[in-house]
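Before we start, here is the structure in question, set down as structure tokens.
We call the chains A, B, C and D, going by the order they appear; numbering starts again at 1 in every chain.
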């Protein structure tokens, strides 16, 4: 591990958005005192960037570390690492189309993860969920630290369950969300939670539900507008 | 399009209230990072005013643009426009009594939009909903950008479903709310959401519900009191 | 009306607590942009004190007016008055033990007001509700301004339904809460809402509920501790 | 009582964390204007530390008092004490493994306390609840001040119901949560509430629930990360 060389410095604006992603998702209650956001290294697809182990609401640029796809650190120094970084490394390995990953304890996603009630899109803004969410059952792979994904084997099994989807539920734990960039993964992580809340309300009516059909789904093309406000609010500028 | 002439400058206090409307509805969670509020031009009923494409919580007076009822801009310059401005143009065309329109992803309205559970008033403050809300099904008109209303045809179909009502649900998307002025449309957009929350709770009791009867409905006559506090809080003065 | 004489000046600390009551209940979401808190005049039991018509979150000491039990103002000047002040006047007339009244659109109380699901205490802190809440049906008296209580007749009918209880629901509207002093009425208004929220959750389990028995009820003896924190937070001191 | 001698001064950082615990749990809505956190005296296992009677959000270091296991104060002076301090004294007496206790009106725990719906873990972060929560029925011991635990007998009965578990529900009242240190008891009190919220949602789906199995449970090993952010936010440093 110790002889890993960095894939090189990363543009400060890119790091700033990675930091903002954690702050935004913490501010919106998707990330609690745990959870993490990662970004594939812009200059080397075999590397990714993620904070040292720290609560998402407090992360600053200096906390960002570099990892290879085995989730070994490039330059650990005395920094503690997230136990569950294998979620990120194995998804980046399995999904070349993915450049950003969120793992969260998204509060209203957890109820869906422990029942067989499907989590599917009921609104346009969450239409990336029109195809539904597979659910990862960690006991199929073997427990290590309770239900946590703490090694490559468990991470790879999660990536396999995720397949080509945007979101996988993790039973009794939370979810893993992927995107082509930081803005998309933040949008998806946030609206997975919001759609779960809205669907729980719709289900309480005990009437047939009209889910968004896959043919009706279309991801927002421009996320700059929402990113502008989310980032401003999370970074204290609004 | 390019030879449209402005209907003239608008009083700064009027623009300020239009801006405040977006901020208020964002602060109360009715508008998320999208959605929009419009006002018919005080000097020309064939024109309306609406922000350039921007998150409602961040809108300032300089963002307000002028449109004709075809939803073509008077002076676009380099400003991006809301894709769904046709909601506003077509409602202003169809409803001479309407001077203000809100389109939102009102979170608790969406569950009602995807089931046949009626959204009707259960409290005096929302008694404008005593007659119920029609629901617009966009697939009856044809999808363009997913479930979004992105052209005149779809906007006109929505206006037709709205009819002479104050609120139309939009399936899997949100709602369109109209009023005779900015204060009324903000009150209606806010209490449509609040009534939806309260009705969801009432429905969970699984007992017969006593809705507000149309004969019992009466809109608040003076909205100055609520406007004072909503605006002060949204604009940072309280 | 115009020759009413004031019952005399009121201690500034008393007025401050009356103002704080509105601010506290607004901050906790019990009062929205409407609703009101009143206090029987310390020097004359035939008079009460209440704000001019204004959103509760914005009320200051200078807004407080004096009324007789007919709800006529002592010194109106150019101040607009709450249309529903008769709720207060008639309850003060009917209930000599009551020195403070709150009328609110308490959000989770409204669902109980439109069904026959009983609102009763499930926690010690709300044990004043152990005997249940009667519900006022305004159409038994006659509508005036929708469901609002806008005259002495309707106010007296509400007071009669309230009887000797601490809280009456008002169908499709909210509630009226009474207490022996400002601290007690604020505590009761707040915990009526909180108990309603908790009871709605308990009901959703569809299992028998163990309500607090009247024999188990005991009001908190000292409210100074909660008053200290509520007031500090609402008045900006904490 | 009056001749009790102090077990000695306590490190300021220890007191600071005890104060922070109240503030954190108030900020997250677990503690309302009542409730309390205690810590076994680091130098004498027969003593514990707890605030004088005051709302948790306002507590400062100077409010902390020392008590023996009979819940008699070491140096009362003119300070009012929590009526329910016997919860703490009797649990410390019965549970040598416990060094910190929280008593709260945890809002979503109360619905579980008044029905026989089991409160068990559905997520890893709350896996300390995998074994379920016993429920203390105070009328089995005898009412004194309503449902409050106001003497040693009631406190001892509660401690007996708690047994060797981390959390006991208190019917119609709240809960008692224990831990080996302040960080653990705060984590447990917070995630008991969050798990209750999530379980209520899961139950609303009316489908079989996959609870966390005892064999899958594993408490977070390092709570420093969450403590860092909770304390910073509650103490105003973030």
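Here is the rule we go by: a contact is a pair of C-beta atoms (placed from the backbone, for glycine too) under 8 Å apart; a residue touches a chain by one contact, two chains touch by 3 or more.
What you are looking at is a predicted structure, and each value in this text was computed from that prediction instead of being measured.
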Chains touching both subunit A and subunit B: none
Copies subunit C and subunit B - interface residue numbers shared by over half, same or different: different
Far-end chain from subunit B, centres as C-alpha averages: D
Cα-centroid distance, subunit B relative to subunit D, in whole angstrom: 46
Whole-Å gap separating subunit A and subunit D, where each centre is the average of the chain's CA atoms: 33
Two or more partner chains touched - positions in subunit B: 204
Contact graph of the chains (line, ring, star, complete, other): ring
Every chain pair meeting the contact rule: A-B, A-D, B-C, C-D
Sites on subunit C touched by subunit D in the complex: 121-125, 127, 194, 197-199, 201-202, 204-205, 207-212, 215-218, 221-222, 225-226, 228-230, 232-233, 238
Residue ranges of subunit C in contact with subunit B within the complex: 32-34, 53-55, 57-58, 80, 105, 107-108, 110-111, 114-117, 139, 143, 145-148, 171-174, 200, 203-204
